[in-house]
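Each structure below appears as structure tokens.
The two complexes that follow have chain A in common; it is paired with chain B in the first and with chain C in the second.
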Partner chain A sequence: MAMSKNVRQALGLTGHYSGLILFAIFTTFPFLWALASGLSADASKMYLFPDGFWPHDASFMWFERVFQEMPFLTYTKNSAIMSFFTIIGVVVVSVLAGYPLARMKFPGRGLIFVAIIATMMLPSEVGIVPNFITLKNFGDFGNWIQESLGLGSSWNMREWIGLNSYFGAIIPNFAGAFGIFLMKQAFEAIPQDLIDAARVDGATEMQILWKVMVPVTAPSIAALAIFTLVNAWNDYLWPSIVMNSKEKLPLAVGVFNDLTGPFATSDNILMAAIVMTVVPVLVFFAFTQRYFISGMDGAVK
Partner chain B sequence: MASVTLKNIKKNYTKDVTVIKNVSLDIQDGEFVVFVGPSGCGKSTMLRMIAGLEDITAGELYIGDTLANDVHASKRGIAMVFQSYALYPHMSVAENMGFALKLAGTPKAEIEERVKKAAEILEITHLLERKPKALSGGQRQRVAIGRAIVRNPKVFLFDEPLSNLDAALRLNMRVELSKLHQELKTTMIYVTHDQVEAMTLADRIVVFHAGLIQQVGTPLDMYENPSNLFVAGFLGSPKMNLLEAEVIAASATEATVKLPKGLTVRAAVDASNAKVGDKVTMGVRSEHIRLVDAGTAEALPARVDLIEHLGDIVLAYIEIPGINQILCVKLPGHMTGLKYGDDIHILFPREETHLFDAEGLAFKRVR
Partner chain C sequence: MKNSSSYTTVAYLFLAPALILMGIFTFWPVGYNTYLAFHIYDIAEGTARVASAEDGGYFTHFKYIYGEDLFHQALKNSLLYLLVVPCIQLAALVMAKLVNNKLPGMTFFRATYYIPVITAISVAGVAWAFVYKFDGMLNGFLTWITHFVGIHSGFEKVEIDWIGNPDIALYSVMVFTFWKGLGYYMVLYLAGLQAIPAEVEEAAILDGANAWDRFWKITVPMVKPTILLCTLLSTIAAMKAFQEVIVLTKGQSDTYTALFYVYDQAFRNYNFGRAAAAGLVVTFFCMILAVIQFRFFGEKK
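Our next item is the complex of A and B:
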């Protein structure tokens, strides 16, 4: 029996949307669960299904408790500082490494690129021990400078660049194969004419890079910044190894240290803290997403 | 303003790949020279070498009196317009035009003034604040030209600047480029594969083929006296009709050649070097083939294969029995009576018939 066109269309759309809705639920349910638990003053329903997915006895009590139980603002400030400088570091390294790989001819170019990509195959844990030793030596070096210059021990330069420093917690993330690969691809996509035009206009190689190539690849840089932000913001393992003073911990480590474990107060306060941890990233994304869409329009043809 | 002199210029990409074989050329101050040739003939590479975007493998390039081989592109006093326009997408039109001046450290007020003046010449003043993506193809091309004008260069280089425009716009811009040259009187070197652009714009045309200059001359001279088969076939639309032939009589003022099937044609050329029996190629342009009555002396029989009415002219594609080649005849627009299959008679006028030897070199025409 032939179905009418409308019925078939309706069935198709229903299938389409139910698929999308299922996927949306699948990806958002951890956040929704955390949000519902954080907003529930009644903690007893948290692990019940489906009751756990909406607030019971809704209040902001747990969110207020977060500020009392742990130095949330200090952690946020630390995370912000570390993420900001990680983004700067990653973008600068990726741009400076990606541009010659994409646009300059020099012997060994292919080999260098393969070596960089090969580091993606290694688990990041492999770097923990060598990085830790390197940082310890950095700290010793800082200390040596401090003593050579005859500065007092209050300068504590060991903690500027060594263990327990912001610098130490973020520096291993600067040179990432992903960022270099992404920027290389972006620079390769730029037409040669644009570079030639800048060269005829009198730009030096560095001016071509910063005044033409970087603005034109802004969408890729924005994408790289977002990825880097998410990674840096959520980075847990390395900072937890490097940092040993509470006032320098980032959010991910601080929330874990203060709100979980045998002496933890409640799971609801943990959920409230998690929600508050995620929000800054979402806000940043909301403000930067328009940069993803503008790009090469109007440059050539 | 400056002259440009090329002395034995060569360009190799690798040891075996030679794109420019040996090019020498003098371009006068204020001249409009067009490099023309098929794709891959080396004309764009030549232009890019003049611009300083490609290294010169051997030979000398002078811009004015300065040896420019190792001078940076920005210091050569040239400005280039690219086929793809190559506008900076993140800058407004005014910023695009002023970029070179800004890099050179020109005071802001002067940049503004020069941009404004160039914009007035090109009538794009109302577009100065826009970004390239908000412009049409023709407007972008104007901005690209404006960017070149602002720099006040000694030499303008154009790399197929009109190829991305539609036919009507291309015609407009062609006229405007001509006017611009009249106005600025700057040396201009223009690369194109379009022989119509070459014929209409150039003071002198340089025909490139396979990394060599085939011929240099004024458009009309090149059209009337092509020095070899390549130039003869390349310039002119429709193409020159070319037929294989054999010399049966040769003198200093005339050659008689035999086409297959015993048909003979006379050409007014200096054939004193030719011998009877030499293989040659005979050429005649479509507008010179005459339609004649059956009884006319030296008339050749032919049959109409196809007629194209273009309004102002009629193009007739005809075949001479026994010769498997289609010839094109350009006739006045009122000759609408011809149709497929008509038997006609044609005449190759003696004074308008070209002859090329087995190497493809033209015999000198006698007129």
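Our next item is the complex of A and C:
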């Protein structure tokens, strides 16, 4: 007890914040560096430490060049379309499946729930080969429909539901154990009285789900939608396998291909492109942060 | 009251979208993958035929990968990858501990730590590739340090090829995984920590326990269920790691992991049968790991 209490407290606090700041530097330095390099017209100091971490001869020229050298807006549009429909799909499927698992008693419930949870343990990536073949067959099926209906080849229905389609790039993500589990947990937290009252009033299960359960679990649904948006926006592997025409690529794939491909002309454009891809997600995250924490919280409990 | 069979029908109707989609994209791949592993798949024709005697018999793919050094190395690398698990768990727990209080700025730090999680792996990978290259930022930083400490002088530079040197490339990729996943586990631990009543820690402080003791004797035992969950999740994630490899090294400099081998055989070699066989082996390893962990932690509980 040589030190006074205040000094010890101040030291403790300094240590605490030093730890926090060190971690913060570790998690953000690649993006801070990318931001500084993207803003520097003078590229010569980019790889010097610590000079690389602030802009030299600041300008937005590299950001403008990004729009000229890659179809950035097309990629953004594709990401938006794919994310939007993924959210709809995931929310509908998860809400519908979560309700009976949480609040209805029927034969096979336990087994189905265990099966869904077990999929979390499987290395789902092993499914990419069979899923690739399945989608190829979907495409053939689309083509068959087109031919049976006598439609011209300009319809190109193979690319509506098969490989190289938005549908194919997102459909495997619709039914996920995480979403179903999250909604099941949310529905279980609702008081039984609410459901009983609705049943006494003669409501069908669909009405109970739509008019009672969905409004009450809106925060959980929002959390699920936000999670899904971020995952869909960032999904790289599966779209990179399914999509083969450049004009259908989402940001995560298109930007990566352009940055690592033969068109990568300057490191600074690359850094500017990285910043532009990351920033929309960050802005969105800044506004919805609390849902991430509370959503994960719900899933753990 | 409604009769029970129509009630069951309603429940299954609700579950139908989830069950059908999971059936097609999650369960069917497991079965079809097993089937493919014993067959020769013809990409152009889209047909699979039984591996005949000329092909090397029913187990031809398994024989091939059993004898192939590349696959052995890939498996070894995947097992080595498990080193990430304890590191990421400890760091995430410390991180969660640091932000689990009411000091100013905690929301900011939590959000900052989550940034790597919500960025696309492909884009983050490009940024890290530039950190890692031999004239990249990491070497720039190390050069600065060595000059500062006086090991090197003048214009000498640190030039380590972090992702090009086979001896260290895999570890560099592991650091990337560590960086990308840290925030995710931090949030899970935060949820666990917030369930601990504040009185427990306050009592320990009154008893004169120091921060180190409090961490190991109170925090760790109290969040044990979260540790189990996170260890399980991160072990499976480490075993499945391969997107990191795609975006950082493309398998060069001895960084094949088991699933990267599967991906490589499927979409670069177009040998779906062999990819399926390797995938089956990976699934088997994942299952063994899951069982071991359940045994190990289950007994301790």
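What to note about this one:
Methods note: the second predicted complex is superposed on the first by the 275 of 301 C-alpha atoms of A that agree within 3 Å, B and C clash if a C-alpha of one lies under 4 Å from a C-alpha of the other, contacts with A are read in each partner's own complex, and residues count from 1 in each chain.
Methods note: contacts are C-beta pairs under 8 Å (C-beta built on N, C-alpha and C of every residue); 3 or more make two chains touch, one makes a residue touch a chain.
As the structure is a prediction and not an experimental result, all values here were calculated from the model.
When the two structures are aligned on the shared chain, A:189 is found in touch with neither chain B nor chain C.
Residue contacts after overlaying the shared chain place A:207 against chain B, while chain C stays out of touching range. In the overlay built on the shared chain, the residue A:270 is in contact with chain C alone; chain B does not reach it. By the touch criterion defined above, A:218 reaches chain B but does not reach chain C. In the superposed model, A:121 lies in contact with chain C only, and not with chain B. In the superposition on chain A, A:50 contacts chain C only, with no contact to chain B.
In the superposed model, more residues of chain A are touched by C than by the other of chain B and chain C. Shared contact residues on chain A (touching chain B in one structure, chain C in the other): 296-297, 300-301.
Residue ranges on chain A touching chain B, taken from their complex, read 191, 193-194, 196-203, 207, 212, 215-216, 218, 295-301. Those residues of chain C whose C-beta lies close enough to touch chain A in the complex are 7-8, 10-12, 14-15, 17-19, 21-22, 24-30, 32-33, 36, 41, 46, 94-95, 98-99, 103, 105, 107, 109-116, 118-131, 135-137, 139-141, 143-144, 179, 182-183, 187-188, 190-192, 194, 211, 226, 229, 236, 239-240, 242-243, 246-247, 259, 262-263, 266-267, 272, 275-276, 279-280, 282-283, 286-287, 290.
Interface residues of chain B, counted against chain A in their complex, comprise 48, 51-53, 73-75, 78-80, 82-90, 99-100, 103-104, 131-135, 137, 140, 147, 151, 164.
Residues 12-13, 16, 19-20, 23-24, 26-28, 30-31, 33-34, 47-50, 52, 92-94, 96-97, 99-101, 104, 106-107, 109, 112, 115-116, 119, 121-134, 136-137, 140, 171-172, 174-175, 180, 204-206, 209, 230, 233-237, 240-241, 251-253, 255-256, 259-260, 267, 270-271, 274, 277-278, 281-282, 285-286, 289, 292-293, 296-297, 300-301 of chain A touch chain C in their complex.
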